[in-house]
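Chain nomenclature is as follows: A, B, C and D, assigned in order of appearance, with residue numbering initiated at 1 for each chain independently.
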Amino acid sequence: MPIPAPNLYPPFNIIRLSHAVFGVKDLAASRAFYVDTLGLQVTDEDEEHIFLRAMEERGHHSLVLRKDETSEIRSLAFKLFDEGELDKAHDWFKSKGHRVEWVERAYQGRTLRTHDCFGMPIELYFQMDRLPPIHQQYALYNGVKPLRIDHFNCFAQDVDTAVDFYNEMGFRVTEYTEDEETGRLWAAWTHRKGGVHDIAFTNGLGPRLHHTAFWVPTPLNIIDLCDLMATTGYVANIERGPGRHGISNAFFLYILDPDGHRIEIYCSDFQTVDPDLEPIKWDLKDPQRQTLWGAPAPRSWFEHGSIFQDVEPVESDLAATPIIAP
Amino acid sequence: MPIPAPNLYPPFNIIRLSHAVFGVKDLAASRAFYVDTLGLQVTDEDEEHIFLRAMEERGHHSLVLRKDETSEIRSLAFKLFDEGELDKAHDWFKSKGHRVEWVERAYQGRTLRTHDCFGMPIELYFQMDRLPPIHQQYALYNGVKPLRIDHFNCFAQDVDTAVDFYNEMGFRVTEYTEDEETGRLWAAWTHRKGGVHDIAFTNGLGPRLHHTAFWVPTPLNIIDLCDLMATTGYVANIERGPGRHGISNAFFLYILDPDGHRIEIYCSDFQTVDPDLEPIKWDLKDPQRQTLWGAPAPRSWFEHGSIFQDVEPVESDLAATPIIAP
Amino acid sequence: MPIPAPNLYPPFNIIRLSHAVFGVKDLAASRAFYVDTLGLQVTDEDEEHIFLRAMEERGHHSLVLRKDETSEIRSLAFKLFDEGELDKAHDWFKSKGHRVEWVERAYQGRTLRTHDCFGMPIELYFQMDRLPPIHQQYALYNGVKPLRIDHFNCFAQDVDTAVDFYNEMGFRVTEYTEDEETGRLWAAWTHRKGGVHDIAFTNGLGPRLHHTAFWVPTPLNIIDLCDLMATTGYVANIERGPGRHGISNAFFLYILDPDGHRIEIYCSDFQTVDPDLEPIKWDLKDPQRQTLWGAPAPRSWFEHGSIFQDVEPVESDLAATPIIAP
Amino acid sequence: MPIPAPNLYPPFNIIRLSHAVFGVKDLAASRAFYVDTLGLQVTDEDEEHIFLRAMEERGHHSLVLRKDETSEIRSLAFKLFDEGELDKAHDWFKSKGHRVEWVERAYQGRTLRTHDCFGMPIELYFQMDRLPPIHQQYALYNGVKPLRIDHFNCFAQDVDTAVDFYNEMGFRVTEYTEDEETGRLWAAWTHRKGGVHDIAFTNGLGPRLHHTAFWVPTPLNIIDLCDLMATTGYVANIERGPGRHGISNAFFLYILDPDGHRIEIYCSDFQTVDPDLEPIKWDLKDPQRQTLWGAPAPRSWFEHGSIFQDVEPVESDLAATPIIAP
């Protein structure tokens, strides 16, 4: 039985995913993509950084772009319930033998930098500068009208191990794909905030970041984004979709930023706050788990991901590419 | 300062609102409304009851219709985290001197019946029969395509008192209307599950149930419902909307069932899981708090509500009707 | 029988409504409304004029704003099939004893200025400068994403007379409201281009322009416009809607420009190209003819209209205001 | 120069495409597809036929299913302006040496059966039984909520010849694809009723019917249909899309009926009533002409089509498959 029982009393309380820090080679090109095309709002910027938030977020940033020589991911960050939980997190990671470090992060309170079971850099904090609401300043809405960051999806070289580790931290599995032949997990979606996922794992060369997702109002906003990207020089950046996922039931689009970081535009999954919510199991051989409507994902979608800084990814011992519909 | 600090460590853990039990005079008429028109799914029915769930719910029921001589509300129910929390709730209500009673409820585990600060009947449970997912059985989708119950809204004769009481139970205020002249609360929206509200209170003859809301996919489903109701004999049951609320930013429609119970069809509010989320304050004199687009609500919307069984409502000592735009 | 048989072989061939020329007192205020808020595209402008087109139009203009001391309408214009039809139109109006005049109009070929049966100024032309398509330049889409001008609606002091006159010109009635008591027409919708109307007439102090309509992609664009107007200082300019008309079955919103000219945002009527299409009759006492969902229009909607330059409107001998739902 | 000047004064007046007659092997299977899944309305049926109309059509049928041993197309039909035009059509086809025949067709007046330049069977009539409007009986709307038939698309072994022939009949080209190397037409879209096309031609083994299109309200209805088909056993019948066409700018989905007849679900093209509308030219090498967003069509889409009864298709002398994006 591959899915552990949900850990309803975790050692510390993670509220939700919070933000990612992306290395990007050309801040202006990234700004054109994230601000002018997707419609994220700049909350601060200088020669080295752009801080972005989506329309309903009151925290200072949900995406940080950092000018760099390479396009590596610096960290994935999570918000904790309060300062006490942050200290508990520190002690827990330390007790596990993970590297722990208190770091300074602009616009954030005390921040713990550590890593997960694969060395993937994660940062935990409880306090971030709060900004006035802008969700009713409709003149600011632009592009795909992004409302909030929704989830991370990571390649993992061993999804069973990932799920065990994140389950210990209280992430609850909502859906998963099992390889019927080996009985091993192929992919799993785990949440803290009451949606289908805050972070998901899929089998492959890992750890790498597969994508970061933003929630948008309706499928029509995704269609609008396709029209916009197709006619403003970004047609080659549309990688997959739009379509409906089997897993999560969400309406999706996958696009690539100028550095190749994959962004999912996402809406319409379901509420998962019940502690007794039963995970939904999918068979690796069912192509509708990926796209309910049957269209296959392109090969790049299974293979391409973003590297984490200073973390060498490792091959999975399961085959690296799932059955793709012909 | 009218809003109490959020109680982040409440005496017991309510997960979310769960369901309501409505007295209805004519089950067939109610079935035509809720099943054939709105699209709720029947999970059980007999001569005396109809149990209903919405499309993404896995609990057995989110609305129970009970044939009765009168159209009174029997209870509003909430789901607790686990059995331990249910016992804690029992003790807390008892310690407050509230009537507490263990009751049998079909398809539910141990259920506590008690009442709130105004005598409004509430029921708490932790376990309900779980049903297989149907959210991807698209052939079942019908009417407004209701996805899940979203919130209750109640008239309260004293909103300050209501907020204090529910805040003690851990309901966090997300938005509120203050009467600038008296400094008293006119209305407040409070949540457990991470949306704008699980339960809201508005000033008036109370306690009475103002409405019960169901979440739907997009505003277009609400437009579809208007078209359907307008051409199937329900045009007089469309009371207000569709429109955008200022408070909650949600897209809404208010309709009346055959017994006069008000249902809100609702989508597009925002995520509120952050424990440090700042409540948004609205002025009673700002008509956009009700309808962002400026259209006034009809008088019935301020005056009409459903009675709770065996609970005599009491006049508020604030004026009973707010400023209505001309 | 109030509706004349359709005149399938009219004396000249009008293709469609083309454009209106509005007097406006403050070009900058009008520009903020039509360009920045609605999303019409400027095709030319100077100190005295702004020429506008919608996104799928290839003719140079469908709305001309002309700086003026008063907010009067200068003309409503129609496009003819070719030059021969224009000469036939000239002769027909002249033979009727109507004033006819060849006028110079920027970006247009030979233009005939004349008037209808009530003295309402109309202009006819066959050739206008053609512009490159922009309907796939999605970065230009803005506001309500207006696609094309759809129709004019005019107050007429005698709708029977209006319908007879326009029917002679080949406008075909698609829907109409009859006052059952008098057997007279209350309102009528007449078309040339294959939709529900190019021009409609409604009983009242006339001739005056009731509104000019633009077609938009979907009801969601209308919701977006409401959100935008409500939060950018235009909330008082939202007069009626959004909603579904009974007549035309279109989804609508009525807004007022800074001079009080009424604009309808409109989509989803039906195709009417069949010459044997039966007009749909509505009873004046049926409130769903106006709003299928039952919501009444505000009094201003029945009373307010724009004056045509140098044309004194005349009271109708039918009552000036129809039955309004309470 | 491949596009002929529009023939604005054709020998007879075709109003619009009207209907198709499909041979189908299993009426029950076809009924499940067209009625239960797509939502077309049955206007008559017996052991041998099902007559269907879409929601806003008042003519008796826009699709006729005829039980047969083979899945061949019996005819494509067009509606003429009046009886005089029908006689003119008869004489014109006869003068061209085409076979002409007056045939009896249920629910239609006098009907001319003839064929186009490739022998493709076409039928012309001016009168069909008119049915009461149902476009406001919203309880009948189902499936993709089809509003009306929009166009036919045919494989032609020689698109230049097709365009010349249909242009003679007054079909006006709105968009076309030219093979830059040979200067020959690859595909062309031609209309009568004021949209992008009533009939289009694409290079290939011809004549064959590529698809028949129905117009629907919005892209969301197309998404709903995908969800429905994907979960009711029709996932393999979803062939291509949804997406935006470059040509026509329409939002589309291609599906296959149980006999392999291809249906396009279509919305959002543009109005083309101006006689001086300039055709838009696309280069065969531009993949965005097919899908604005860049996704390639599957090979089947270029190769599969429906045979016309008793018409042997002929290979094109241009290559049979265009450049497909990798």
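Just so it is clear, contacts are C-beta pairs under 8 Å (C-beta built on N, C-alpha and C of every residue); 3 or more make two chains touch, one makes a residue touch a chain.
Keep in mind it's a predicted model, so treat the numbers as computed, not measured.
For the pairs B-C and C-D, the larger set of C-beta contacts lies at C-D. For B-D, the equivalent interface within A-B, A-C or A-D is the one where over half of the contact pairs agree by residue number, namely A-C. Mean C-alpha positions place subunit C and subunit D at a centre distance of 32 Å. The geometric centre of subunit B is 44 Å away from that of subunit C, both derived from CA atoms. In subunit D, the residues that reach two or more other chains under the touch definition are 136, 218-220, 227, 230-231, 292. Taken together, the subunit A residues at the contact with subunit B in this complex read 8, 15-16, 56, 58-59, 79, 81-82, 127, 130, 133, 135-136, 147-148, 193-194, 217-220, 246, 249, 268, 270-271, 273-278, 280, 292. Those residues of subunit A that touch subunit D in the shared complex are 218-220, 223, 226-227, 229-231, 235-236, 238, 242-244, 251, 288, 292-295.
Taken in their complex, subunit B has these residues touching subunit D: 136-139, 141, 218, 220, 224, 227-228, 230-232.
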